[in-house]
Amino acid sequence: MNNIRTDLALENTEHISESGQELTGVEITTEEDDNLGITVTWVKITDEIGSTAMGKPIGNYITIESATMKESDTEAHEEIIKILARKLGKLHDLKPEAVVLIIGLGNWQVTPDALGPKVCDKILVTRHLGDATPLDLQGRVRAVSALTPGVMGLTGIETAEIVKGVAEKIQPDLIIAIDALAARRTSRINATIQISDAGINPGSGLGNKRVAINQDSMGIPVIGVGVPTVVDAATLVNDTMERMLGEMAEAAPDEEAFYGMLRGLDDAERYGLIKEILDPYEGNMFVTPKDVDAVVGRLANIIASGFNIALHPGITQEDVNRYLN
Amino acid sequence: MNNIRTDLALENTEHISESGQELTGVEITTEEDDNLGITVTWVKITDEIGSTAMGKPIGNYITIESATMKESDTEAHEEIIKILARKLGKLHDLKPEAVVLIIGLGNWQVTPDALGPKVCDKILVTRHLGDATPLDLQGRVRAVSALTPGVMGLTGIETAEIVKGVAEKIQPDLIIAIDALAARRTSRINATIQISDAGINPGSGLGNKRVAINQDSMGIPVIGVGVPTVVDAATLVNDTMERMLGEMAEAAPDEEAFYGMLRGLDDAERYGLIKEILDPYEGNMFVTPKDVDAVVGRLANIIASGFNIALHPGITQEDVNRYLN
Amino acid sequence: MNNIRTDLALENTEHISESGQELTGVEITTEEDDNLGITVTWVKITDEIGSTAMGKPIGNYITIESATMKESDTEAHEEIIKILARKLGKLHDLKPEAVVLIIGLGNWQVTPDALGPKVCDKILVTRHLGDATPLDLQGRVRAVSALTPGVMGLTGIETAEIVKGVAEKIQPDLIIAIDALAARRTSRINATIQISDAGINPGSGLGNKRVAINQDSMGIPVIGVGVPTVVDAATLVNDTMERMLGEMAEAAPDEEAFYGMLRGLDDAERYGLIKEILDPYEGNMFVTPKDVDAVVGRLANIIASGFNIALHPGITQEDVNRYLN
Amino acid sequence: MNNIRTDLALENTEHISESGQELTGVEITTEEDDNLGITVTWVKITDEIGSTAMGKPIGNYITIESATMKESDTEAHEEIIKILARKLGKLHDLKPEAVVLIIGLGNWQVTPDALGPKVCDKILVTRHLGDATPLDLQGRVRAVSALTPGVMGLTGIETAEIVKGVAEKIQPDLIIAIDALAARRTSRINATIQISDAGINPGSGLGNKRVAINQDSMGIPVIGVGVPTVVDAATLVNDTMERMLGEMAEAAPDEEAFYGMLRGLDDAERYGLIKEILDPYEGNMFVTPKDVDAVVGRLANIIASGFNIALHPGITQEDVNRYLN
């Protein structure tokens, strides 16, 4: 699994099936809304074999995909918000009196990594209100708190340490952690939301988390929610080359032997060569679209709205706007 | 003590002596550098009587005052930075292997309350470096981390809960909490630094903290460092009136009886009347200078430099600039 | 007029009538919506006498007041947005093909002065779209541009120079300039919107503009829109003292002679004494509420929505949200 | 020239010589400081032939390269700052009484495009001081102003229109425009500064400027200063493939014929195929390093320091820090 970098379970399944391998220990179901252009894929890793093949822990990974996330299609957005809220409910049965801690992972100073903090900005935070809860919200909201722990390079503290320390104090029933992810295909950037009950894993996201934030490490259920805002540069090059060679082979059948040989180069070998060329001293480089600030803002709105609807069940989007604006 | 609002122990002593009271249980020593225009006052509250009179816990409160903090006097700033570092050392004996957690209290979205977060931005954070510590820093820095926990209105979590949760995880030997304060006199705004081993107390700062962050609540020594960036509006009015009446009395000796009567009005009574007039539904209002962004930035530089020098004893200001810029 | 500082024409009229003067050359009409708690006052300065008495140029000054601006009353906000759009239309007859330049005055780094820049952030900017205008907006929007010129202390350039230079290039039919203002009464802060066809005048706002931005200086109609986010400190003290003395006089009729004498002190004399006490070297100081970031954000939403509805007549609030979020 | 995207004249010369073409109408001189690891290359395009081959206007393009820009090498930084100041002087002979307008191009909300605005933040702006110039600066500074015009997508106004409008008002003798650029090689990112008297050209930078900001369009000399903070994604893939095939050919001489054929594919053809694969609907995508916020901040410091030294000849770096911090 080391020759492409992706945080999307869906892309892991694609990569495996492209390589001709059989995928056991993984169940995949798909729902399509052709009218609104939304696809929901549920990937469920059921055992260690599937986990090893996928490079991801056992658990559920639900992907909501729609190019409309990059456009101004209000109807589609509202449907996506409802789907997000419904799937959240499927992954975790939230009692009315549940206390929820939302964590916005990422470095707000790096635009493609600012998704988590931007989502937290738009969450209707209520845990502190207690008796001061406005009359028209009483009985219609849950106790929700939101924290943006920054990144280790700026705080000197592992994000997981901060989350665990705070969680031990406020004892939430559920942690929801939002993170910016890396995808394999550029077409998935800012057009995909993945939610998973496997939490946040080491090596994921832009910051390459070192310590997991999941039920094991926190002692509390953790739902990870992510949007790919970048593609890892070496993955982009490797992937594009693969597809190019495929297209050139189709267009020039005489040379197919040659291209076949080129393509047959060990994937890992070619990826390694690419990473070397891309300057081994550079550290990770990422590919992101030019209008990244606008799209990250739009996705943050969609995700925060989904959470607000899901967590505060007695209120609508209008109610939320009232208290946030 | 309820008729003026100030976080500066120094101003409490002034107010008490103005009222003619005797101050017991409080020791005050002063050092003046007339050349550079810097005054350092050490207020030490030694018993409960002093604590009750002052409205502050037993402990040490060191105030560094200099109008040069509002100007571009590099020589004076460098001296202030050194004084800050020295006094920090006087309040707490820091072992070489000590781990320090710096907390930047305050809401970065409200300019006069953004001091804490701005200081954290300029701290040389090292705790996470471990073996990756650059060669030329090794053996010359302590393990320092920095966190900005936001404010309860935005997170839904008491700042003290966040600090305690994180402290329990990373076990620092010392917590230094930076906060923006309220002063009584406008001349003290952005021209004063107070450091205290009594930590951060309920009712202090712009946010009016509800839970203390001190040795009792954290189980770890806490040094509070603050700069008054605002004056509480009702305090300003009450105070100014007091002084006006005094000046008018001096200028018109015939009316002295009258002014004397006016001034003799119970301080608390007058203050209460002022707060009513200032609109009881308004909540707290603060007075701040127009160029608050520039001055808060300058103070943040001075304080962060003081910490960097004090906590990383083997390096100079130039070294710090190298790693921060 | 120099003993109180206010940018609100409405407050000038109040001050004059309190002093017992007769107000000529000024017409005042008021509309009240008791149901929603909104008051609209139209102050029209018709000649030089009125202009001199008011300390403001000849022109129209419409004030929309409502405490609901500080609350989460969506119904009232929607009505305020509609009123704002309607009054804008009353002050300037906008042709369908008109090009509009919106200027967000103020220093975004100083929270109470950040209103202008925050409004510009939420304007549906269309001037550059041309043929690229999305199909569903075509024919329903005007050509609108938005600029935040910063402040002279940061750019070295008079704001009016920047505005004029840009206006000469893009030739708008109308300039709308948004600014944060100073009020006399704290109750008006963040609860009042003033729109005027007299533009922006020297000495106004937090930054105390030195050069006017109005039809005379720009050669193009300029509508000034402002919200008071602060009260000038000396004005606050002077005003509060005045009211206090009044209340004390009422409560103690025997001393009325005394209080009467104190109150009879020349207003300017007393104000001058206050400014001296408040530290003449300090420059202007302002009073602002603690939650200034949230309220400025809310007001920015209301004002931007009003402009978007007024300037893009074929679209609704939902349409705007679609393109901004 | 359309099969690689780079704003660096230096990289244009490399590409041309790699393709075996002869380069006429272009003069290149190089200075190396091996001790500090700094290379300065002066590319001078002298005629139309050179201009066409290079895809850049006639003029001078000085490149300062050093990997130390990405590190904490104060000695090297100080030398780079001095080189920058000297070369600025070589490109334009600045009279003592000259008025300079600095323009920070770019969208501050997109981290790799925020270089211009960040540099402007650190410029010692003096034009507005006039008689208020502090005594110790008098006679030692020039009149410098700084403006960040935003981007057309946010203002609705062509950046060049804003710059020209302001320049016509304040009549500077020189405009210096700072921009974030795209490079061909990742190793050049954040390690290169290009200054040119050909100004800013259409198609350059991250925003792909549509209108030139140069002496022709402004009527005033324009010096463009840029740092590559990104690599265009399609260029990265194409370039990496080229180099990979080269290395594979070297490693397997038997297949050289094959690789030679693959490499001989028309550069433009291959690049076109890559852009198609990279999703033609995506718009431009850029590659940037993960720590982009820190590096852009560091480069902004270096560039602003260079300008401050060059434009205010009577002051040192210490003096600048005094007034900026």
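Just so it is clear, A, B, C and D label the chains in written order, and each chain counts residues from 1 on its own.
Simple rule for what comes next: a contact is a pair of C-beta atoms (placed from the backbone, for glycine too) under 8 Å apart; a residue touches a chain by one contact, two chains touch by 3 or more.
Small disclaimer: the values here were computed from a predicted structure and weren't measured.
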Equivalent interface to A-D, taken from B-D, B-C or A-B so that over half of the residue contact pairs match: B-C
Contact-richer chain pair (by C-beta pairs counted) among C-D and A-C: C-D
Whole-Å separation of chain centres (CA-atom averages), chain B against chain C: 35
Chain centre separation (chain A, chain C; CA means) in Å: 44
Inter-centroid spacing, chain D versus chain C (mean Cα positions, whole Å): 41
Residues of chain C engaged with two or more neighbouring chains: 153
Touching residues (chain side chain D, partner chain C) in the complex: 125-128, 143-150, 152-158, 161-162, 164-170
In the complex, chain C residues that touch chain B: 107, 109-113, 153, 185-187, 189, 206-207, 233, 236-237, 240-241, 243-244, 247-248, 258, 262, 270, 273-274, 277-279, 282-293
Chain B partner contacts - residues on chain D that touch it in the complex: 72-74, 134, 297-298, 301, 318, 321-323, 325
